[in-house]
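Each of the two complexes below includes chain A, the first together with chain B, the second together with chain C.
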Partner chain A sequence: MELSFVDLLLFLLVLSFSTVVVLAKDTLVSAFALLLTFVALAGIFFQVGALFLSVIQVMVYAGAVAILFIFVLMLMNLSDIKNYIPHYNYRKWFSFVGVICLGFLIFDFILAQSNLHQDQIAKTSLIVLFESLFVRFMAAFELATVLLLAVVVSVVFLSKNQENLSKKE
Partner chain B sequence: MNVLSLYYGLSLLVFFLGLGGMFLKKNLLSILLCVELMLSGVSLLLILLSKSLNVLEAQSLVFFIIVVAACEGAIGISLILSLFKKNKTIESDDIVTM
Partner chain C sequence: MNILLVLLKTALVIGIPLGIIPLILHVERRGAGFIQRRLGPNRVGPFGLLQPLADVFKFLFKEDVLPSHVRPVYYYLAPMISLLFAILPLAGIPLCGKIDIDGTLFRPEVFHSDLGILFIFALTALGPYGILLAGWSSNNKFTVLGAIRACAQMISYELAMTLTVISLILVYGSSDIHAMIASQGQLLQIPFISSFLGLPAWGIFLQPIGALVFLVGIFAESNRLPFDLAEGESEIVAGYHLEYSSIKFAIFFMAEYVHVIVLSALYTHLFLGGYNLLPGADFLAEQWPLLTPFFEFVCFFSKVAFLIWLFVWVRWSLPRFRYDQLMDLGWKRLLPLALGNLIVTTAILFWKHSS
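Showing the complex of A and B:
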């Protein structure tokens, strides 16, 4: 596989956004940068040929995990926290991230249109992936569902415990 | 230059950026974000290895990594929220007891 402009662009985007995740002083900026890193990584997955995983990356990582982080950061009143430094205009950040995500979507659409020959690769990779998930690693897949259930129960337990503690106080 | 070698370097860079951030950051949520970054680096490395060794089954491991990352994020956030409610801080230096 030869290096193309898209590959170089995705490389630079992932590198710069992940650097922002580590170096940003504001946690909310880090979370936004992480969201953009996930979307750019999905582009790399697409370029490499892991189409299903790129979709999962956008839906689960960017759409659920990173958004959950952002929601939690917004629920906490960060200005109450000691040593909290920045006072950014978050509306600007929202607009910036929204425009970049829209750009990514348009870019991915154009990329998908220009890579229609990848249909066959996608079919074979999907067949192999699903065969390995649902046949070879069936037990692990079932364990993953049990793990998810356990996490849901434990998170509910933790939040209930918090409510009891706050009532006692 | 081969694309895969570029992406191999990128996956290592992302992983070590996450690792460095985990040690440098004091904020618990930032540490959690850095762990997610490390997991992303590992996911990318696994996909690249599956591509270059032509073992497509390895991609199912990435699926499990995503499941584990989601679980870790949910549990971590709920623990951090309970710590925040109790101590009114999420700085790792200020938290002495659970």
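Showing the complex of A and C:
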């Protein structure tokens, strides 16, 4: 197992950005640090050989999910509300433990990379992923789609219900 | 040796758009003048050719104001991030075909992989962040509003564009840009007409609706008229780059033009045949086979130049969209069109494959 310099750097970046997410006082800084965590995670996916996943991670998480978080925070002006810090600071201890666990997780992930030759990685990342998604685990994939659809429908229904309630008042 | 090559290609990737920007500036201002029946700048050099130089000097020597109410770190970071994410997609866009020198393959792009197109789209998806940071760090309600509107516009039109690209990937059979361009080099075959029309199988002929959707999408992605609500003077007083002066504003300006160049190059590769030689120019490749990369580069560059001129042309011909019209167009018209395009493409390919 060889951990190159880039691997170690990405590992440190993910850890530090996720620490900032937990410990930052300004909520919008947390959101931006979350975005950077996603990007660094995409780098780790790239190093391990899952090219397609890293691209999708950037496109979906960094390019859509994080933007939506930041939109909500900016429009609701939530960055003005400072995070409430209790007398006994649980946050620092929990975040310390969380960072250690995350570190173990990422370390395992990088250790478990297969020693594919660089050319083979480029050619087989798509095929390997799609073969497991659409051939071996197709039932689970379709069920996950149905679950997402159910979530979307229920969110629309719930928000409509709120409107009706406030109109009656 | 490999690292040197990558560094050289990176220098090209950074240098080429920054070098084309003065040209675009000049073309835009003179073109704007001609479209509006007046002469553009013609004092500074012959035909106003040194006007961009004068602009650069103005920006360099203007006072660099740091307003006291902005958040310092993010205020400085925002223009850099804007320019960074504007230039990054160029790493996956090839300038000419693969060059074969005695067996070693030399690729004219910094990063080559099986998923060239998806890589470029992932980086384009990060484009809105520079704008968001700029609007938020200025600590000004109007800039935040402008930034959010610009980002919402960019991510809405990205959706329709990505769906269009999916149908393109289906048609060409690969998401590698070189493979897409190679399959655009063949002649167009229309099933019910027995004789070829002599047209190459470019993207606009194979996917006309997709080409239209993508064209509208790239205007919205780069925040250019008719979609530049977020930075229009009369709408929201310059929007997200309100609090930026001199060189930082110039960086935003450059980032917008680099966006235009990158998206035009992408459109050329996907729909206009990329670096394939123009239809009548095949004899050049046969006469001087060693100079083929150069001819390919010239053809590619002329197509990109045509698209950039189209950007300038449309900017001064169409009025600005209102925000609700913009969102309406993106979600209610372009997205169903792109989805319908995908369904029809899939059906046709399935029918073709099964027969």
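As a working rule, the second predicted complex is superposed on the first by the 126 of 169 C-alpha atoms of A that agree within 3 Å, B and C clash if a C-alpha of one lies under 4 Å from a C-alpha of the other, contacts with A are read in each partner's own complex, and residues count from 1 in each chain.
Going forward, contacts are C-beta pairs under 8 Å (C-beta built on N, C-alpha and C of every residue); 3 or more make two chains touch, one makes a residue touch a chain.
Fair warning: this is a prediction, and the values are worked out from it, not measured in the lab.
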| item | value |
| --- | --- |
| Simultaneous placement of chain C and chain B on chain A, clash or fit | fit |
| Chain B versus chain C as contact partner of A:51, first or second or both or neither | second |
| Which of chain B and chain C A:64 touches, first, second, both or neither | both |
| More chain A residues in contact [chain B versus chain C] | B |
| Chain B versus chain C as contact partner of A:136, first or second or both or neither | first |
| Chain B versus chain C as contact partner of A:97, first or second or both or neither | neither |
| Which superposed partner A:30 touches (first chain B, second chain C, both, neither) | first |
| Partner chain in contact with A:40 - chain B first, chain C second, else both or neither | neither |
| Contacts of A:74 with chain B and chain C, given as first, second, both or neither | second |
| Partner chain(s) touched by A:13 [first = chain B, second = chain C, both, neither] | neither |
| Which of chain B and chain C A:159 touches, first, second, both or neither | first |
| Distance of closest approach, chain C and chain B, by C-alpha atoms in Å | 16 |
| Chain A positions touched by chain B in one structure and by chain C in the second | 52, 56, 64, 75, 125 |
| Residue ranges of chain A touching chain B (in the complex, touch as defined) | 1-4, 7-8, 11, 14-15, 18-19, 21-22, 27, 30-31, 34, 37-38, 41, 44-45, 47-50, 52-53, 56-57, 60-61, 64-66, 68-69, 72-73, 75-76, 80-83, 124-125, 128-129, 132-133, 136-137, 140, 144, 147-148, 151-152, 154-155, 158-159, 161-162, 165-166 |
| Of all residues in chain A, those that touch chain C in their complex | 28, 32, 35, 39, 51-52, 55-56, 58-59, 62-64, 67, 70-71, 74-75, 122-123, 125-126 |
| Complex contact set, residues of chain B against chain A | 1-4, 6-7, 10, 13-14, 17-18, 20-21, 24-25, 27, 29-30, 32-34, 36-37, 40, 43-44, 47-48, 50-51, 56-57, 59-60, 62-64, 66-71, 73-75, 77-82, 84-86, 88-91, 94 |
| Chain A-touching residues of chain C, taken from the complex the two chains share | 113-115, 118-119, 121-123, 125-126, 128-129, 132-133, 136, 144, 147-148, 151-152, 155, 158, 162 |
